[in-house]
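The chains carry the letters A, B, C, D, E and F, assigned in the order they are written, with residues numbered from 1 in each.
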Amino acid sequence: MSLAKSPWIIHVNVNSCNGCDIEVVACLTPLYDAERFGVLNIGTPKQADIMVVTGSVNYKSVNVLKNIYNQIPDPKVVLAVGACASTGGIFHDCYNVIGGVDQVIPVDAYVPGCCPRPEAILDGVVAALSILEEKKKGNIKGKEVKLKGNEVPSNA
Amino acid sequence: MIENTVMLLIIVPLLFSLLFVALPKSLYKILAWALFILGAALSVNLVLDGTGVVQIGEPNFAMLENVVLILEVLVILFILAVSAKYKNWPTLGLGIISAAIFAYTFSNVPKVEGASFNIDQFSQVMILIVNIIGTAIILFATGYMDQYEEHRHLNRQKTFYFTMSFFLAAMNGLVMADTLGWLFLFWELTTLCSFVLISYNMDEEGINNGFRALALNLVGGIALSIGIILLATNNVSTLSGIGTYAGTNAAALAAVALPVALLCVGGFAKSAQMPFQSWLLGAMVAPTPVSALLHSSTMVNAGVFLVVKLVPAYAGTSLGTAIAVYGSFTFVMCSALALSQRNAKRVLAYSTIANLGLIIASAGIGTPLAVAAAIMLILFHAISKALLFLCTGEIEHTIGSRDIEDMSGLIKKAPLLTTLAALGMVSMLLPPFGVLLTKWVSMEAASSNPVVIVFLILGSALTTVYYAKWLGTILSSSMDKNAVPHKKLETYFPLSLLGLAIVVTSIFVFPIYDYFVKPQVDILLKAAPAISGLAGEFTTEIGAFTYIVIFVVLALAILIYLATKNMFTPRMSSYYMCGENNLERDRLMFRNGLCSYEKSSVSNIYLQNTFGESKLTTLGYAISIILIAIALLGGIGL
Amino acid sequence: MLDNVIQNVTDIKSMPEVLKTVEGLKNDGYRYVTMICLKANEGHELIYIFEKDDKLKHLRYFVKPGEKPKSVSGIYLCALLIENEYQDLFGLTFEGLAIDYKGHLYLTPNSPKTPLA
Amino acid sequence: MTTVIPFGPQHPVLPEPVSLKLEIDNDVVVGVLPSLGYVHRGLEKFIDTKDYNQTMYICERICGICSGIHGITYSRAVEKLFDVEVPERAQYLRVINSELCRIHSHLLWLGLFADGFGFESLFYECWKYREDVLDLLERFTGNRVIHSMSKVGGASRDLTKEQIDQILKTLDDLEPKVKNIEKVFVNNYTVKKRLVGLGVMSKQLAYEAGTAGPTLRGSGNAIDVRNTADWDIYRDLGFKPAVAKEGDCYGRTKVRIDEIYESIKLVRNAISKLPNGEIETRVKGFPTGEAVMRAEQPRGEVVYYVKGKGTKNLERLKVRTPTFANIPSLLLMLPGVKLADVPIVVLTIDPCISCTER
Amino acid sequence: MGMLNLVLTNISRKPATRLYPFEVRAPFKEFKGRIVFNPDNCILCGLCQKKCPPDAITVTKADKTWELNVFRCIMCTECVNGCPKDCISISNERAKTGAKEFIKIVVPIVDKPKAAPSK
Amino acid sequence: MNMNDILTIVLVLIGAPILGCLASGIDRRITARLQGRVGPPILQPYYDVKKLLSKDNMIVNPSQNFYVIVYLVFIILSLLMLVFKQDFLMIIFVYTVASLALIVGGMSTGSPYARVGSSREIMAILSYEPVLILYALAIYLLTGTFKLTAVLDASSPLLIYTPLIFIAMIVVLNIKFKKSPFDYSTSHHGHQELVKGMTTEYGGPGFATIEIAHFYEYVFLTGLIFLFWASTPIIGVLIGILVYLLIIVIDNITARVYWQWMLKLSWSVLLIISIVNIAYLYYSQAKLV
């Protein structure tokens, strides 16, 4: 139960229009107060359990997403918030968009909507909690996602 | 027995200095080892021999007195010659004054019959420092100087080793001599050694700084010699005699006040207290072993040694209070000055001055507890500082810089060296180590004087800050692992020895206190502090320092760490760089706006604006000169 | 083309003249608003937009294929972002940029090149 | 040796991927290099595949905070191409939506800004009040942040009598609440300690640096596009731009707080003058020609350039957003401030990266 | 002092928090929650697919399916307005959070019995 | 060491973290209420620690966890020394070891944010350490010994002689709790320019250790306030709680300020008022009885 009572989230905005971001932040504010469930928006991935990703992934932020994902200690859960993060949303065939977050890292739960209401995001966090618990029990580790090919710029 | 040891202590280093000149470079290592072993053996032997006074009577005395006379003339001639050669007029002027005073002494002051060496516990402590730490430093130098000279295209090692071991002899003489005239000779000889070694590089900077050291020490020497002359008018010609004389009655106490104050000023100059501190900072251009030997653990201690020895002549008087305030002022001022320094050797230099100031302050307070603190601090400080200087030297050879900022990540490059350096720093500012213990004792002792204690409090907070910065920097793991330094025995043996000494002396602080310090304080003040060392506690009348518990807890922490290290599946990861890094590359790199990787770095806070050197130095000069003037005027009896 | 919709357009023929005009506008107290880039007849059309007292002023300049236009970021620092943007998106090269992102303002080596060109 | 540290893209102070490389010497910033592209989607290319009606939804999603005005401005730009006149009621509805958006955006910013200087409870206070506005918007448009209220040719939702009452009531409640937080922002000692004299831009400098919106007005320039000839509704409503002379973070904060009051006033006036009638004109055919349309976003002036070539897709859409204009001013303001001030200075331009990069 | 007043008022009042999920506030009737599809009248004309900005709807004439990618829909109501048969409506209930499997709603369009002419 | 002492040690070892955990839970709860929220359950810090302990031990530097263990054990030691009425000056030095261990731990990770945070925290030492030692000095002046026995055995409270130092100590506590306006080196939530400051690279068990140490530290620091009215323990505890509440309120009504400002505040205001207080004690020769 311990994980389920203290989910610390790290919010990663990869390619989002801010709509989802402000709703994620709104979850933490008094009217929704996610801290009731022990949710803390912690700054550093090293202390986070749930990675809340908003926005589709683009070619520049893919590195950020992978690095942050790798830096979260196991067990960890990725929550994709919004149409963009889930499937690429309205931007799914823009030239600079790779697609939903699951194209890059494994996603455990999705929150639909553009943008999703804070209630929906809270639902997502609650859903993530049970997944977190399962992962802890099953000792399921997240795989390390490597940067590949030209995602690593040759240094100038 | 004891006579022989005393003589050997002076003669053996002299012999070695000649050997260093005579024998080729390739044998230096062996010589240094031999010197180390002999020095250690002799000093331990002296301790085993116990205390006592060695009288030198006729016929040896006449012969030796002549030697002394010749040497003094040579010293003065050397000063005059060298300052004339380099056209350093202030030094020349001071040399002429010294010569005049010497001539005056020679013709007017009554001659003494016989001379004496006084071996008390304090001298024993000093001898141990000089002959164990000092020879260890020379040993270290054999692993150090080659690379040093290579960098600077020098070839003067003969001079170097000659002077170093000659210095040991002079220093041994200095701490044992009781006759003021002889003491003065040894005093000037150490000054000369210091001059030679500071200008070792023979470049402009070195020579200028050497002359600054020479000049300022000559000022001190002049004060010292005037003091001696004044004392001679009271028929006091030995160091121990001053206390005895002052103890006879109130009038005698008042009579020696001015000469004692002058002797103290001499001590201040030697210990580079404000306003003389600039010579010690300049001395940092010398090779690091020199800084370690002369400018932190031994020669500068001669100043405070003298001041502490004079305690009976001013304890409890207003002169004592003035000295205490002066010392604590130097302590806080130099600690503040160290705050804005990023050159490791300058930090150490300021820290040295500050700690000497603390010793002087403790001596000035003059209670048994305080004097005990002063003597112990001399010992602990010498060990820690020698280690720190040597480590800095070795660090410089490892990374090519003595800038604290460049040392970040050192733990990855040279773990053992870094651990030793860290131990040195920790021992300077944290319990349960000796330096802190003595700082604690002196704080408790000083709490009767509001000004001194406030200065000490501020100073100790500042000390924590500048060491913490450095400590954190060397322990931070940011540099990638490359260039592991070659470990040389003659480098790491002295370092480890000093490290070990820190731990051992700190653990056995009470026996050390009991054996060396307590009787000495008894001699000086005819009263010993009420300190007990039961149950691993160092208990004074107003507090207790539970050092053993802390050692135990520290060991516990290490144990817990080792036990839990692998309990929670450790996994190495990359740094948090806001997501813009890459594990495979340098772990501190991040991708910047131009899509290329760049290294992140962090420098410490140095507060140059608030604690800037020039601003504070000016302030320090002003206040310290005022304080010295007060002390002297108080001596005259105003 | 209904040119009447955007008004106050000046066509400029050569790059030095653009710089001179821009310089002049700055001295007249105009604010740099932005620059539009359009594909036109193999080359690109640049429309500089300036504003003063709520009046817009447009400068139109045609960049021939292969030509390297000069940056006005030396005159108006704020022009640097938009010029860098067009380096990314249209593959133009502006000379004399205050900060040159070299085509990496938005795009990285792994993303599509010059998507709007 | 200077300190070089990355600030962003994933950084807890800002929910958005603002990314700067900071060079710091002695706790003072000496160099900044912004890094962009984390939210670049390529929306300006997107119009190739979407028709001009669908493009409205894309423009709204340039940014979720200022989306309403994006949609409105886009619609107006295309209407200019078609040369159609939008019914007056629709115009008023657009103003009401715009101003409610502005209130929500400014409250949001005030909150994030407070968080930027470590004033968590003030942050929460602002966001608490903001929820009232979001409720209004939700009832008005059907969504909390992305409203899709405007469409080419008019508005897609009308206001009912009941909703109008709700709006007026909520605004009456909101005004004293804003006064409360204004007191804190303007008077609190620690807040003033952090804001006054920080990131100063003179009137001239702000003007020449091409800044927009509160960043520009915080330095004493009374430039606000709501005031212009393009759209006279605002002048009918008695609009006055909010200006502060200080030119520092404090001034910019005051401008934004004043704008909240101004917006409340505008909404009230617009409601009182709300004409009856249609809310939409049908637009037929395909857009041709080119047009520039400007509007005042919460963060400043947005410029839309649209070009049609007689097909159902536009040929070129270009948006110059206010943050795009304000970012260069960071290069001027940041050098010389302390590291601890970086988030504050960055936040005072109210950066919106998704707007900037589209 | 302004802030002191505010925090003290806060602590003296009931918290402003809406206790979701324990107390659920009824959604506003205007709220655009999710798309509801009524297959009865659909003629598979594909207009909705064409209008949908994020391409969330796929109408496959051959398989006779109407498919909605809920996780892509942005609730713009273009399809609602665009459907000639008013098959699509919008509900003020939210789409549910879920894992990937729930992402699509596939509705087979059953052939309607031929209408009046045959009679 | 007799049975009683061992019992006390065990009691402190177990009791202090429970108290500290509750205190920090209450802190979060009150903070939430001050912000108009419901807030987490009181036991939230306990859940947090439990969770952290069950997570992977992600490290950037093999030795980084050593420093937090030193931090923990030395906090415990200083608390124990306080409970056993040891030399106060010594307690402060031991406490410095703990603070320094955390700082060095932060720096040892090498992360730029942690290093900047640590160097700011070093500056915090510069501002609070003198006040703490002056507090010790005041106790010495009033009782003639640095041992706390005298304070705890006295029948009159310390506070009436040391009101100014009391005020300074409130600020010191504020600094030590790392609460606004002094949360510049690491903040409890990570919303600051330095992410989580010193603790940026700590996660899982390492961070749990820091949290547990914080629990002890809470008790230790409140204990320092308790000393001001130790003669009537109930009042002492009450004052401790009041100061704690005051700090929570201050946390919620102030913005974060610069460390420079703190340094100025402490070296001008705090030091001066403490020294004035000390001077008064010197010249009045007041004694605690």
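Simple rule for what comes next: a contact is a pair of C-beta atoms (placed from the backbone, for glycine too) under 8 Å apart; a residue touches a chain by one contact, two chains touch by 3 or more.
Just so it is clear, the structure is predicted and the values come from calculations on it, not from any experiment.
Engineer: Which two chains meet at the most C-beta pairs?
Structural biologist: B-F
Engineer: Measuring between Cα centroids, what's the chain most distant from chain D?
Structural biologist: Looking at centroid distances, B is the chain farthest away.
Engineer: Would you kindly tell me how far, in whole Å, the mean C-alpha position of chain C lies from that of chain B?
Structural biologist: Whole-Å distance between the two chain centres: 68.
Engineer: In angstrom, rounded to a whole number, how far apart do the mean CA points of chain E and chain F lie?
Structural biologist: Taking the average C-alpha coordinate of chain E and of chain F, the gap between them is 53 Å.
Engineer: If you average the CA atoms of chain C and of chain E, how many Å lie between those two points?
Structural biologist: The answer is 43 Å.
Engineer: Per the centroid of Cα atoms for each chain, what is the distance between chain A and chain E, given in Å?
Structural biologist: Their C-alpha centroids are separated by 23 Å.
Engineer: Which positions in chain B are in touch with at least two other chains?
Structural biologist: Only 571, 573-574, 576-580, 591, 593-595, 600-602, 605 qualify.
Engineer: Which parts of chain F, given as residue numbers and ranges, touch two or more other chains?
Structural biologist: Residues 32, 34-39, 55-58, 112-113, 116, 189-192, 195, 200-201, 204, 252-254 of chain F touch two or more partner chains.
Engineer: For chain A, what residues touch not just one other chain but two or more?
Structural biologist: Expected reply: 12, 29-31, 33, 36, 41-46, 58, 60, 64, 68, 71, 73, 90, 93, 95-96, 114, 117, 153.
Engineer: Provide the full list of chain pairs in touch.
Structural biologist: Result of the pairwise touch check is A-B, A-C, A-D, A-E, A-F, B-C, B-D, B-F, C-D, D-E, D-F, E-F.
Engineer: List the residues on chain C that touch chain D in their complex, please.
Structural biologist: On the chain C side, the touching residues are 1-6, 26, 31-34, 36-38, 47, 49, 54, 56, 58, 76-82, 89, 99, 104-108, 115-116.
Engineer: Of all residues in chain E, which touch chain D in the complex?
Structural biologist: For chain E paired with chain D, touching residues are 1-3, 5-7, 16, 28, 30-32, 51, 53, 74-78.
Engineer: Please give the residue numbers of chain D that touch chain F in the complex, ascending.
Structural biologist: Interface residues on chain D, with respect to chain F: 3-7, 11-13, 27, 114-122, 124-125, 128, 188-191, 193-194, 338-340, 342-343.
Engineer: Where on chain F is chain A touching in the complex?
Structural biologist: My answer: residues 28, 32, 35-41, 44, 47-48, 50-52, 54-58, 189-192, 195-196, 199-204, 207.
Engineer: Which residues of chain D touch chain B in the complex?
Structural biologist: Contacts found on chain D: 1-11, 19, 21, 26-27, 33-36.
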